[in-house]
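Here's the structure, in structure tokens; my notes come after.
Lettered A, B, C and D in written order, each chain numbered from 1.
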């Protein structure tokens, strides 16, 4: 096939879109909105994932020392050396008592001077996922009497993060299929509305590929157009919402718009081009059979 | 050019449109296909270009048995045949120029050559001033002439014309007939289905008459009807 | 029935299709509209049924100034006019019977009556055996007759026929003309755009000739051309 | 308009759908999938909401008694009488110590016999939302020294539930709009493909309403068809997933399929009918203008 024939295909595709303006715009709008839904789903999943990992990262391990414990500084250095430990803080028995009172919301609990609490360390793991492993190693350090961390909470959080992963991405996959289906259907309808033209092309002696190319390019352009609209909507809405959410609560921090931008753009355009091309090919195929 | 033996076409809905049709059209002939409405004229032309497939019998066109054409051979087979459709079959979203050009784009003629040849045939059918207009902005007769222009721009071996003057006034019809005669003189075989008694009688070419799908008359240099 | 004074139609693309046309067609007349391809015949009929609006001048049909018709009056106005379109304008997804019935469904005739009248007109145009078939399964001439059947089933005051015999053989054409003559005799005004010289010459009715959008001849009992 | 004309409209609508089978099925599929997306969104939101409220409902208030407190049984009755209280349990100082040890994961903490903890009550509110109000009232009961509940946790949970409400339903509204847009676009495309028919109808003298009715019924039937498919998909998938989830974790209990069924059916059919009708009306309107 000659190079200029490809130029012709591009011109054809463009004309096809412009001369069926109403249909093209409708299709592009549908594709854009389907992609927006996909984007919303993936951003929710990703942020939940991000938030869960963040929460896991804030988990501390509490190591209570025996009465006979060696020099605190040496012990601290030893614990600090364990792989995965980010930071270690010494908590004296008095600080411990104050912390416990605060945690229980009961101020007068240890006021009578009897403080049964030992000295302790607060240990911050670098990654929430390492908590159990680090706790095990700390337990083996000489002078450490007892290692405490919110085991149930860590497990729950782990479970939650895993669930978000499995359910979220499983769901995302299904949403992806749904969007594929919607995009393909939409493009099929644009081709359906022009099936007479395909018939004429065949009668005039066009080969299947000669007919397919412009339609495929149209599908791709529709996909790209839809992706463009979707990118703008999603990024703007995301900036607005994460800004709003930042005002409501400082606990819930989201991924920043700058962080998601390349993925949104890459993903949408990729999906738009791929689904657009696929949609045209599938539907033109149907009418080439006639 | 066209050879049919006991050719039969029965549509899916049970209509027997052609029955046991045998005929032989030689290269370079000019043949009129006549017969009442529904006689099977368009059906025959559609079999020739393999828009329909025969139910029974044998049909060869330009040396090829149309029933045995492979799917991927069909476009190349059709490119050597021009067809003026009874219902024009113009692309509604292409201008007159683009409609006619399409037949050349398909065979990858280069743009300068396309422009030249399209201008030439549009001028022949008297529509060069309507080149940039869409079919919906044309009168019935103008659309018909665009269909004619598209059919001949490619200098086909064989030209099928289905009622090409049905929406033309007598003067324009005659101009078109002169044009077809000239094309025929240069070697293109022409099969024209028509109801125009005047034209058939005046041209004195071969006439094949169908009636209810059967061949009822085949005379060289005949008239529209027997009594004519 | 139709009164035009200095009627002008210029399409959006700048084509002047009718220019200063003045004519008067009385109730019960049978008028042939002739002229070369692109002369403005279809444009005139489309103005009459208000498919297009005049650019200038005055046009009244059945006592109504068409330019002043309100949007909601148009359907009721059109119901009294039958129109055989040059390109048939059949519903592709309705059977022949449904296509013809539609003109009666619109005015809410009851089903038994619809059936009776549709059978009657399909019989008149010789297509009763094709009643349950879709237009794509009809020959060109058969489609044209369906369009005719739909136009007359409603017993219109005024019948506009745009090239109603363009795809019919001479015999069928004559049967259709006899039918139109009969309808005219019963009081329907008929305006028929045609290129069929034979028919115009034989009918000896009023002939209005257009050329490039202008009236060039208007004779009662005329022929297709001046020299005829 | 005569009654039998309506019968004609229904017949027309049905024929329109059947004779444009491919288009109708494509459109119905798109509508179904769009509704499924809507269903997934609303079920996630509703379940998060449900889960948050469930968690709030599990919150307990701890009331520590003064040394001089009166008869436990009388006090218990008094607290039980506070509106919104569901259940009250007495926790002796020994039980309290054991509970605290367990909560901290530190078994030897109070082993030396010195137990500074007072006797207490565990109070279960009927509704999580009432926690703060009940705590206030318990504090005023004579003999109660200190009232403790996970204030931060309750507040966080409240915030989360409120966020889910606002964000979830805000988002749901947007998804609803997106689905409306997709459905309307899809139906517009079916009408676009048949605009020639509308033109012919007008030329033959059909009033706008005569043209509109069958198309509107078609839109409604497409909507109902789509809803039907969506209902089946969503309910089956939901049963499967909540079953699977039940096997993974007993903590995460979802609304049962039986609970959601009437809402899913009602919602989908409502949306299908409404959007279908709207889609046809809007798009036919466009071509009636011609």
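The rule is short, and it goes like this: contacts are C-beta pairs under 8 Å (C-beta built on N, C-alpha and C of every residue); 3 or more make two chains touch, one makes a residue touch a chain.
These numbers were taken from a predicted model, which means no experiment stands behind them.
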Hopping along touching chains only, can you work out the least number of steps from chain A to chain D?
1
Report the inter-chain centroid distance for chain B and chain D in whole angstrom, where each centroid is the mean of the CA atoms.
66
With chain centres defined as C-alpha means, what is the inter-centre distance between chain B and chain C in Å?
28
Chain centre separation in whole Å, for chain D relative to chain C (CA means)
61
Chain A residues touching 2+ other chains are none
Which parts of chain C, given as residue numbers and ranges, touch two or more other chains?
none
Tell me the shape of the graph of touching chains, choosing from line, ring, star, complete and other.
ring
Pull out all the chain pairs that touch, please.
A-B, A-D, B-C, C-D
Can you check the complex and tell me which residues of chain D touch chain C?
1-2, 4-5, 8, 15-16, 19-20, 194, 196-197, 200-208, 210
Complex interface listing, chain C residues touching chain D:
49, 51, 72, 74-79, 83, 85, 89-94, 98, 102-103, 105-108, 110-111, 150
So, in the complex, the side of chain A touching chain D is made of residues 22-23, 26-27, 29-30, 33-34, 36-37, 40, 64, 104-110, 112, 114, 116-117, 145-146, 148-149, 151, 156, 159, 163, 167, 171, 174-175, 178, 181-182, 185-186, 188-190, 192-193, 241, 245, 248-249, 251-252
Taking the complex as given, what residues does chain B use to touch chain C?
11, 13, 15, 34-38, 41-42, 86-87, 133, 137, 139-142, 145, 162-163, 166-173, 195, 197-198, 224-225
